[in-house]
Amino acid sequence: MILRTGISFFTDTPAYPGADEVGGIGPSLLGTMWLGIVSTAIGIPLSVLTGIFIVEFRNHKLAKITKVFTHSLLEIPTVLIGMLVFLTIVVPTGHYSLLAGSIALVIVMLPYTMSYLERALDEVPRTYKEAGYSIGMTRKQVVFKVVLGIAKPGVAAGLLIGVAKGISETAPLLFTIGSARGDFPVSPMDLGKPGDAIPLLIFQFIQSPYENWHDLAWGASFVLTVIVLVTFALVKLVVREVKL
Amino acid sequence: MPEMAKSDKRFFYSLVPAALVSSLILVLLFIVLIYYSAPAFKEYGFRIFTTKTWSPSEESARTSEYGLFIPLLGTLVSAIIAVVLALPFAISTVIFTEEVIPKGMNKVRETFSTLIDVMTGLPTIVYGLWGLAILAPFLRDNLYNPLYAVLGSIPLFSCRPVTGTTILTAGILLSMMIMPFMYSVIRHSYKRIPAIYKEAALALGTTKYEYSKIMMGMVKPSILAGILIGFGRAAGETVAVALVVGNTFNMPSCLLSSSYTISALIANQFGNAALYPYMINVLVVGGLILLLIGIVSNILGIMYLNRVRYTA
Amino acid sequence: MAEELLEVRVEDLNVWIGDNHILKDVYMRAVPGTVTAVMGPSGSGKSTLIRVINRLIDLVPGSKVKGRVMIGKINVLESDPYMVRRRIGMVFQEPNPFPHMTIYENVAIGPRLHGLAREREEIDRIVEWALKKAQLWDEVKDRLDDYPYQLSGGQKQRLSLARALALKPRVLLLDEPTANIDPVSTVKVERSIIEYAKENMATVIIVTHTPQQAARISDNILFIYEGRVIEYGPTREVVLHPREELTRKFLGGEV
């Protein structure tokens, strides 16, 4: 499929329904990239800081509660995350946007990222922390200069898994980004506008009666699978034991 | 423990906002779902769970009827089918990786296990696409039509399979999606069975089959946990199910007919629900149920997992 | 900076971890310019004792400390632990240079952290000095940008020592620093410790479970057994004429 259309598959907009050619997934691919970038940008600080809080102050009640609550997010059907973001962000702002979708994906990735992060932070041997304190580091310095430095591979793996989980999700995007696939979201300003993503395109096009859109959906799902598998392979390179 | 030093306190409080944001998501979800579902309860009462029709009207709440009975039943039926089908596969795959692949071939074992893990990681939409375009027509021609022809007198198979998108297709696709989860839950416990038990079982002169049966008995709680966690996942899965369940308000009592699940209903209707009075609220009720199913099955699952203990 | 002389005095020290009474009415005194060996069988509370001195005990969940630990004129137990630790260096049983930092960075981090030196040249000088003091300079001077995993266990331990020395601590604590390293490195570490104490009039306290090491390097010995001080005195006296039966047994390898 992709071979037939060549590079334009990645750069064109979808063709008209029923047309002879298929067009491309350009806007959706860009949308997925933006979703990945923005949700990572929000998700990294949020999950790293929360993870540090949970691990460093593990005896504190607030840390225990945080741990239970964030881990429970894993058990929430992702369509409910879409619902939540729709009711709390899309409705008040009055329109769909890539930003709303990104926030939904942050919620999707959070529990995955957190469980990796916590394990990585936990596994840093105590002796290095002691060494940090012994040269007069404060707790903050020990965490940022020693613990995070040593746990870097695990942290990176957690973030990658989180992003991969996020961008391959469909349900949280159903009522948040709006499936606008006519324009290319190129500047960050476009984040406030409706957009599209690859999984959403697949979901909608395969349900259409048009042959050429079906082809496009298959091509898109191939691209999505490759992106996800490459991410997992990267993670596998970084840490030995991977749990998806 | 001595008082926190001043700089530690500052550090603690600087992390609190992030922790609060992360943990309030769940709280917010509960509040929002309850808040939005309240009007539906007020308007329709308990009827939303028992009514079988879904006839939205743009004019008023009086003329529209929203029944969650069918999708609710559809969710339960499809998730049960999924678990029932996935369980034997999960168990035998665990036995295959741990017992059948020879001791010396650890590389093979790990590669095999990674492959199954990758199945968990594949985007659900890819399963859905494949299920709709390939699995459903295949099942219709090779399973449903023969089933209908032979067992048509049994109520479960008494409806003519028009399309391949049926409640059974949803169950079968879901079983493929949750099998890897159940596999990894069970295998995790299985790997931890202490060697002495294995030796003791072997010393009894058991056959490979009897031996595996004994071993599975030892990880029974984790099998139950796998069932519960798998059930929760299956019930909450959305897009893949929405593509293959058929999305019609037929009772899922006949497995060969298309039907609905709550998640699919939400996926299809929620986007336009604002046009109809109370539809959003009814759908949120459905969401609340999904949330409860997900959380309860997971809590119970974890309870069972914690019960796996090997004490001599 | 005029080098202050900081004596370490421990009085009526009691430590609990959970329900375990780890240290019971412990006392000791360590004088600038000398090496004091804390000696005793494993599990006697030696490591806990030196972790009270620099308040690393704070990191142990469920720990409770009572008594007085004076460093110079301040009571460590009533001070900000971070201020305390700046002037106290420590070397641990496991060689633990930070694995994600180069050899150079491992030594430079302390001085940088506390703003002891800002210019690159100044830091270079401190790094060289500390590595020389730890008897490691000759082995690593051409590969300061390597990571510690390329070093042997003994070299790693000397790197940990250099990291501590770079801050010119007035008090140096060592927790069985040679328990896990080769004999050659052991000799070098021991020599560094003695030199550092004498040249800088620093107060050095070393935990050891071998009487031989205590005899080789210390001026005074504190012998603890099951959390209690059994004997405390000049090394020659304790080793040659132990007053207590338990000490005699320990020296003879019987406990």
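Letters A, B and C name the chains as they come in the text, with residue numbers starting at 1 for each one.
We adopt the following convention: a contact is a pair of C-beta atoms (placed from the backbone, for glycine too) under 8 Å apart; a residue touches a chain by one contact, two chains touch by 3 or more.
Please read all numbers here as calculations on a predicted model, not as lab measurements.
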* **Touching both chain B and chain C (chains)** => A
* Asked: Chain with the smallest distance from its CA centroid to the overall CA centroid?
  -> A
* Structure fact -> Cα centroid separation, chain B vs chain C, in Å, comes to 57
* Where the CA atoms of chain A average out and where those of chain C average out, how many Å apart are those spots? -> 47
* Asked: Where the CA atoms of chain A average out and where those of chain B average out, how many Å apart are those spots?
  -> 21
* To do: Hunt down the residues of chain A that sit against at least two other chains at once, touch-wise.
  => 59, 138
* **Sequence positions of chain C contacting 2 or more other chains** => 61, 81-82
* Spell out, as numbers or ranges, the residues of chain B touching 2 or more other chains. => 1, 5, 7
* Which bits of chain A are touching chain C when the two form their complex? -> 59, 125-138, 141, 145-146, 149-150, 152
* In the complex, go through chain B and note every residue touching chain C. => 1-2, 5-7
* Contact footprint of chain B on chain A as seen in their complex -> 45-47, 49-50, 52-54, 56-57, 59-60, 62-63, 65-66, 69-70, 72-84, 86-88, 107, 110, 114, 138-140, 143, 164-165, 168-171, 174-175, 199, 202-203, 206-207, 214, 217-218, 221, 224-225, 228-229, 232, 236, 242-244
* Which residues, counting only chain B, touch chain A once they are in their complex? -> 1, 5, 7-8, 11-12, 15-16, 18-29, 32-33, 36, 114, 117-118, 120-126, 128-129, 132-133, 184, 232, 235-239, 242-243, 263, 266-267, 270-271, 283-284, 287, 290-291, 294-295, 297-298
* In the complex formed with chain B, which residues of chain C make contact? -> 58, 61-63, 65, 80-82
